[in-house]
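Per-chain residue numbering starts at 1, and chain names A, B, C and D are given in the order in which the chains are listed.
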């Protein structure tokens, strides 16, 4: 019997992407979809791409929890915690694609999100679901905080260097660019087609909410408190994140050694591809897939390592990673339902 | 044991799309890939999206035929026929994604393509592989002519009306718009990004080579010689075709009756979705999938039927339809390897 | 002293384009800008491209009328009429970029817009401002109805053929495609970037409100009552309209004669370019300019004329044409302020 | 009488943009256009946007020099020097839009471009034409090296901070993103529409040829030898550059003081707009204009200044700046022919 998956917030972009992936999962199925705004409508009325594939009627959150073995929430921050409480109380597994359980320190959450932790017990249970880095913790968990899209691209891009301590952690500049789906399905002037097409600029410069999440992971990996300068940009494409990351090389270590370090680190991780020397990561090569492509570059003139890390923000940066976490929670093959070959165009 | 598929011209766009689909096919596998321009290189050097997924070395056409049970050719017109001869002589199955076997009359081929038929026996064997219309003929075939992208969208959009004889066949106007992958991977000023982006225009107005193919199918379906005005346009998107088609309604038949006729016609065809009344077909809902979405509209003021038909030119318009044909040739489930859920974005 | 121009609805797209053009007009200047939604803000707060060029504070409509010699309104239909009444009463000139004065018959307005004519006297005064066709009427006018964007592209593309009576007026199919600015600055799911990018479809099929306007002009030109099938499409570009138009050739007239007829018709019209034989009109060649490019094509196999007509929907289709009308009203050079060289990219 | 301007390489993108600007210049005119590839054709055959506006026949370089008072060259590096020699010998003024005269040290040119200086006297004459920084030197010059596009955006963005010495020059990270016209009109797989659309990646990481030019200007301004890490990215838009620049603040200076420093520095420079606090520079606000928009941001947590600088790579980054230089050479108003209001969309 298949795992019954429920998606709260199925009409958001990450929710719709979860539906797309679950429809092809060999061991799980969409048991229920919910939406506050569209309750009572069919999912395929909101997303006509699903016509004939998922014509389920959008129900409410309680009915959804009842029908599901595992609940995915793709809702604004502050909303996921209460749903988690209900789901966990009923013994369900829970994966939050929002920010409610990502930060281990409540003070960080308060400072960056302006909210509070109402259920400390849940927060103690929560595991940060970046499988390539926290595989073991995830396997035994019941409640997963699915990482943010930018933090996923950045943590994967820097993890080997952080663990090995080869970079001066005070010099990290993280210049990221994200496709417009990252801003969600909600309307705004910034994402209105004529305002967004043939346009480009950074936003939330050095004040984006993903900053503390990035810093917490990098600090954990390096063993030092890390403070980064993180600047996201809005890119006129639908999907994909490119993070270009800069750091001063500390140790007397050659480019070839750093490259080997990365290759060793990710040898057994099927969703991370460290590109051969001479190639540069491009978001087009990972779109619609769960891959993270990483390329390594060296500025010998200034002694800096430059890492380029690309993901599909909606797959490895959201729904795909959530499925990967679900697979681990259930002891399935990590890549079940994720055999997505990135198209060439 | 899996069916061994060989792809001649694997570095073209349709070839690369065939690789993408075959990598996930449950009963077939990529046995060999060939390319004249890149022989000796790895496919993943040309298409880095395939890194770790298909690192096969591009071989020559003869080696490929040897290794394969079925050969797909995605090559310029005039090239496929000679490859077919070799493959058929060795008892292989053969699907040509080019134009060499699409037209039943050599005089049409001579007029529109400026070439000749050197192997009449092969042309007599060839079956036009549009499964929704010629299912039975395809099942027993050895050599398939995979239809053109525009003709696929148009034939599926008009078939029910043609067979029922509800339109004046002298009034057909076919205004089609195709994404840029339709022009192939070869470089040209027209498809240079700054010339193509924020641009739009028709091309090969009333003289595109798909015209005789369209007319042959519509004539077969209607039983009358059909002459159409067909105008393709280049659309600044990567994938997808929208054909907007106009015809005068002949008989005293209501919109509801025409709609029912379409729904009945396609009831058992899993890859054609006749949209509910009030919805309009949009290429975004079929991208990366094998679906053809059709919407029906009526201009009561002028007595015209307007059909909008959308496909992904690279899937239903090329590689996906070729896989569908392969499935039929081998008696597999028609949709094997084609469970592609179109993404919402 | 310069003509004082006031723009009601300056924060809409057509309004912003009027500002752009007026800032470079040698004999006119922006005297006032108004906006219901942004009153009290600076125009450059809403449109940062105008920073330092037009930092005027958005005022209300009455203050604007007071300060202006000529008033342009770019407001939803039904709103322009009342403003016209006030402006005309004060002896000002008035150009409405909306639909309130475009249709000569109130019954058409009632049927297609669901509104009524409250000021019959104003409607009698109103002149349809398509300068290439109604030059003389415009010169002496006080109140101008600036044509719709689609009707401009279509009327210019068909005028010579209509006047000469070479087409069967019962066979006209008008397949138009417009950039997204045509949908305005207001937010909608359809124009949300990820929903609109890499997408394409027709909309308001055979029921778009520009239909009666198109038919009125074509009927006037041909002397016969014309009914057309008009289907607009939303094109993923910011600017530009391409209308592909089809009609059966009635008379025994050669392509060369039709071409000469077009060239003669537009010889003295500086903003219409009839392209040389062998070229095809493309919206990229008229973007950011007041040109209308027209190319002529013939389908000898079916006896049809195919006209392709391209404009920038925001210039010749809105603000540029309004300036051209203003120039005529004031007896200025028709092209004053409109020496806009279309960029190559 | 108007200044006679000749454009060598008029069929390249920068050449075509020069034509567009010169056609509206009040005191200059296009006297001749040349092209190696298209000699004998009309410019409007290559660029149909110029139909009726510039139908000049493309001549050879010698004929062009004869007819012109000032020669602009938009040719590959290594080609401009020889043309300059001929032009200067005939007493003409000369502006090279290529790289031949930008670097003062031949060793830098040799290292980064692999070429040599054959005419040392010309190199001694050459002035680096960034008018906001080297106004005086330009005024008396005969031979101008028009700056590169990236260096223009970067030098303008950092000049006030460099001159004031507020940044640690060893910490400069320059992350730039350019529209595709920056890669020129020549065909390449990278700029083929389906490969470039919905794609994004850096290129020539830490080894782009604009690096020594950037460093020379920053070193001149700061008085210290500056080494930067410069990483350009290819952005899927036609036009525009955004440079996001990072540097450690050295002195005890407040954000407000830095802002004031920038405002003072650029007070009299009409083409540089320092944005008000709270706004972020976006390339869409400078497209088709000669403006450079600069916004200033501070990362208090890490003590860094972040400068965002936007230009249109084809105007301020190429043809517009060349016109500005021409104006200074002739003692005209600096902004003659450059009253280009950036459109809102």
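Convention: contacts are C-beta pairs under 8 Å (C-beta built on N, C-alpha and C of every residue); 3 or more make two chains touch, one makes a residue touch a chain.
Fair warning: this is a prediction, and the values are worked out from it, not measured in the lab.
J.: Contact counts by the stated rule: is the higher one at C-D or B-C?
T.: When the contacts at C-D and B-C are counted, B-C has more.
J.: By mean C-alpha coordinates, which chain is most distant from subunit D?
T.: Max centre-to-centre separation from subunit D belongs to B.
J.: With chain centres defined as C-alpha means, what is the inter-centre distance between subunit B and subunit C in Å?
T.: Here subunit B and subunit C have centroids separated by 39 Å.
J.: In whole angstrom, how far does the Cα centroid of subunit C sit from the Cα centroid of subunit D?
T.: Spacing between the chain centres: roughly 36 Å.
J.: Indicate the residues of subunit C shared as contacts by at least two other chains.
T.: 13, 181, 194, 197-198, 236-239, 282, 284, 345
J.: Where on subunit C does subunit B make contact in their complex?
T.: Residue list for subunit C touching subunit B: 170-171, 173, 175, 177, 194-195, 197-203, 205-206, 227-229, 231, 233, 235-240, 242, 244, 246, 280-284, 287, 297-299, 301-302, 304, 306, 308, 310, 345.
J.: Spell out the part of subunit A that touches subunit B in their complex, as residue ranges.
T.: So the residues of subunit A in touch with subunit B come to 13, 16-17, 20, 23-24, 47-53, 181, 198, 238-239, 273, 275, 279, 282, 284-286, 288-289, 293, 314, 339, 341-345.
J.: Of all residues in subunit D, which touch subunit B in the complex?
T.: For this pair, the touching residues of subunit D are 13, 179-181, 185, 187-189, 191-194, 196-198, 236-238.
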